[in-house]
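Two complexes follow with subunit A in common, the first pairing it with subunit B and the second with subunit C.
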Partner chain A sequence: MWKNISGNAKIGLSLFLMYRMQVVMVVFDEGINFLVPICLWFGLYRGNPGLIVNGMNLQDLFTYTFLTLILDVISRTELTWILRRGIRSGDLAIEFLCPCPVPVSLISSDVGIVMVEIPSLLFIVLIATPFLRPVAPASVWSFVGFIFSAIMAMILKRIIAILLGTIAFWTLEGGGLIMSASLIIDVLSGGLLPLAFYPHAFRDVLSVLPFQGLVNLPIEIYLGKVQGNQMWLSLLGQGVWTLVFVGIAALVWRTATKRFVVQGG
Partner chain B sequence: MRWNLHEPCKRLYNRTFVQGEIVGYIGPNGAGKSTTIKCLTGILVPTAGDVRIGGFVPWKDRKLHVKRIGVVFGQRSQMQWDLPLIDSLEFMKDVYNIPKEIFKGNLEELTSTLGLKSFLNTPVRQLSLGQRMRGDLAASLLHSPEVLFLDEPTIGLDIVAKEELRHLSDLEALCQRIIVIDHGHVMFDGAIDQFNASYGGPRVLIVRLKDLSPVHLEGVDSVIQDGNQVRISLWSETDLPELMAQIMNSYPVADFALEEPSLEDSVRRIYQSLSKEV
Partner chain C sequence: MTQALKFYVRSLNLSLKARRQYPWDFAVGFINSLMKQAALLISIYALLSQFHQLGGWSFPALLFLFSLRMVCHGLYAFFGSPLRDLPSIVDRGDFDRFMLRPVSPLLQVIGAANIAAAYDFLVGVGMLIFSWKLVNISISVANLFVLLLTLVGATLILFAIELISASMAFWLIKTGNLPWILFWFEEKYIIYPMNIYVRPLQAIMTFFLPFAFINFYPAAWLLHQTTRGAFLPAQAGLFVLPVGVVCITIAFQIWKAGLRRYRSTGS
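After this line comes the complex of A and B, so read on.
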């Protein structure tokens, strides 16, 4: 199985590197991605840099933006659209000839592409740091917790991506549904706006859902807003949700593949 | 290369296949050929019925099953479009966990047999259809599968490429048994010569005369004359040497040829009869 996974990762990486301009544009894209929220926060907090809203000051928000970008880079995935295209065209049939669970080979190919995102990560760290001046982690344990949480976020994002992609087994064309679901998840995860800015009742609901584990939770751990026993409990909760989603994805996949019709003959 | 099954294989429409058998599966468009292969390879789950290949149920024991089979789909390639052919073939080494020495040996043999050397390092998107098909054939054989499925491997190939691939795989010569299906029903299951005898047209003797003498013969199915060219359809029991002697003695023969019914002709006839029934 490991050779299968590493083989798929190698292929994913090779495919991405075939087109060098694509790699360059990804790095350029990151530049745009960090400028827009920075301008937004600076505009909203202008004139009062000491202003604290729902426990977040301007420096916290800059750090939030910085870490959101990093999490976005490592969690970024095209799995949903790859799966949808494969189902619509019938090319997914070829994946079934591989002696490896199809979701595993798709994810491992996707992870190969993450390695190409390293230049983007370096860009963010080298170029964005002097501008954003992100704060250091609240403590060593906060940093350790952030790393664990980020890794789980990376896995959970891909499991959710596979789940969204399986919609196409039923609907064939699920593009609109997939885009809507992705946007909702972005909102619920804190990817668009820190959850601290949401109404209390809504925040309480979101705190028990798995989506905050994709963005908000890792960053709150980093900033020390969730620490000590609360941090470990939150990480445990994130781990449990990840396992639950793995189980759901396995069940949905097994059901979905029984309905698989190879489009195009 | 010989690809052998280790144990009795599969039933299909209550059919059983045995070790070493090479079976041609024929049917008109929409008959269910590709669907059957997809069930046999574990891609599709049938709504009813049972398939066992070497003891495995393809869709239930998929991961174990696909390690023992090779598949070529004429309409879909396993190759990575943007990468050189060799990258895709080396990927097979990882996917099937092929030991290095075995992979190297198989790759050398397949490169030589299929003539891959000149385009191993060419991106797949730049290969011709015939080259891609040879690449897919190599990919399907690298792990020494016990069962090989070929679904329309010559589709889209021009006549020269088709003949090259036939020469390499020599399907019609190797195929001991054919099964003809139509919408899930087995129309024929037996040897090729039996099929040709049942469904094939008559043998045709073509004679070119030196002049326009009208030809009259007995003991044949029909005589069609067009100028100095005469097409004589023979009954299966026609004594050909005697007929030839009769013609040579009676008419000024410039040239002659004998047309045997081909598998393609027999298939065309059965398809036409099936479409008439519809």
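After this line comes the complex of A and C, so read on.
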């Protein structure tokens, strides 16, 4: 099984690196994602850089942006669209012939592409750090908690991506729905705006949903906004949600593949 | 020219006909568009409920800015967004068959209408009317004329940028999602006032990729809103159409150069 996974990862990486322009575009894309929130925070805090809003000052926001980009790079996945294309074209049928469960095969190929994001990650760290001067983690345990949370965020993001991709088993035209769902998850996870800026009642609802584990929770742990027992409880909650989603994805996959019919070749 | 137009209209009708095979799709797509825009607006509203203004623009003014972008984008995307598929068409070697047919390859590529964009357009029109009332712009001939020029000019600008980025496929083959990246760039940046961005970025979005003319300058003119910190005064909003014409002229030259250079990737 491990040979299959590592083999797929290598193939995914090689395919991606074939065209240099593609790699350049990935770096350019990071630049875009980096500049919008920075300019937004500058625009909002202009004339009042010492302002603190719901516990977040300007430096916290810069750090938030920095870490959001890092989380985005390591969690980035094309699984939804790969799955959707494979279902619509019928090419997914070939994946079923592999001696490896299809979702595992897809995820391992995706992991290969994550490796090519490492230059983007380095770009963010090298270029962004002197400008943003992100703060150090609140404590050693905050950093450890952040790492655990980030790993779970990576896994959860991919599970959600596969779930979104399975929409294509039921509808031929789910592209718009997938994009909307992705944007909504972005909002609910704190990817677009830190959850601290939302009204209290909205924040309370979001704190029990799994999506805050994708962005907001890891960063709040890093910044020390969530620490001690609260941190460990939050990590446990994130782990439980991850397992729940793995279960949901397995069930949906089993149901979906029963109705998968490929016509012709 | 008449033949080409007939082909395009027929092609659009066929794609609409194909879409009508999914009767629930319209309702789902419309709700989709509403949810997507609502998610973005909730974020902006949450932000401004804490800070009250962004670059001198209040929430109603930002709503107008947002809506104007949606309407212009929806209109352009309905006709022009199939261009984003060009890089993958060239990569697969499918562009060869477009070259063999007695119809302009460009018309063949954009022949399928993007119905999802129609939803954005409709939602955008609704929001524009609502925000028009909120910001108290008078419904005068001059204002409506400026709005019409903005729609046409902005559509030309967006189409031109999409055409140029798609044409890069003739040289680079794998453009690394360049058309999509520019789409996301436009979607993320121009929902906020241009004057909050750093000068180099403003320069890019005013003189290189003229996204600022799509909604910021026209909105600033219509709302008598400040452009303090931006490169140009609000009166630049009156020049959207000439900017659009210049952009589309350049874009067509690049497209034609790309066609002359095209070498098939095989299939």
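Keep this in mind: the second predicted complex is superposed on the first by the 262 of 265 C-alpha atoms of A that agree within 3 Å, B and C clash if a C-alpha of one lies under 4 Å from a C-alpha of the other, contacts with A are read in each partner's own complex, and residues count from 1 in each chain.
The working rule: a residue touches a chain if its C-beta (ideal position, glycine included) is under 8 Å from a C-beta of that chain, and two chains touch if they have at least 3 such contacts.
It should be emphasised that the depicted structure is a prediction, and the values quoted were computed from it without experimental measurement.
Undergrad: Touching A:Lys258 in the superposition: subunit B (first), subunit C (second), both, neither?
TA: Only subunit B; A:Lys258 stays clear of subunit C.
Undergrad: Classify the contacts of A:Phe131 with the two partner chains as first (subunit B alone), second (subunit C alone), both, or neither.
TA: In the superposed model, A:Phe131 contacts neither subunit B nor subunit C.
Undergrad: I'd like to know which partner A:Asn54 touches here: subunit B for first, subunit C for second, both or neither.
TA: After superposing on A, A:Asn54 lies in contact with subunit C but is clear of subunit B.
Undergrad: First (subunit B), second (subunit C), both or neither: which does A:Tyr198 touch?
TA: Second partner only.
Undergrad: Looking at subunit A, does subunit C or subunit B touch more of its residues?
TA: Higher number of touched subunit A residues: C.
Undergrad: If we overlay the two complexes on their shared chain A, which of subunit B and subunit C does A:Cys100 touch? Say first, second, both or neither.
TA: In the superposition, A:Cys100 touches subunit B alone.
Undergrad: Mind working out whether A:Gly90 is in touch with subunit B, subunit C, both or neither, as first, second, both or neither?
TA: Only subunit B is touched by A:Gly90; subunit C is not.
Undergrad: Should A:Trp170 be classified as contacting the first partner (subunit B), the second (subunit C), both, or neither?
TA: neither
Undergrad: Can you pull the subunit A residues that subunit B and subunit C both touch?
TA: 18-19
Undergrad: Across the complex, what residues on subunit A touch subunit B?
TA: 3-4, 6-8, 10-11, 14-15, 18-19, 90-91, 93-94, 96-101, 257-258, 260-262, 264-265
Undergrad: Note which residues of subunit B are touching subunit A in the complex, please.
TA: Those in contact with subunit A are residues 34, 38, 41-45, 62-64, 66-67, 71, 73, 75-78, 80, 82-83, 87, 91, 93-97.
Undergrad: Residue numbers of subunit A touching subunit C in their complex, please.
TA: Those residues of subunit A that touch subunit C are 18-19, 21-26, 28-29, 32-33, 35-36, 39-40, 42-44, 53-54, 172-173, 175-177, 179-180, 183-184, 186-187, 192-193, 197-199, 202.
Undergrad: Please output the residues of subunit C touching subunit A within their complex, sorted ascending.
TA: 22, 25, 28-29, 32-33, 35-36, 39-40, 42-43, 46-47, 49-51, 54-55, 116, 119, 172-178, 181, 184-185, 188-189, 192-193, 195-198, 201
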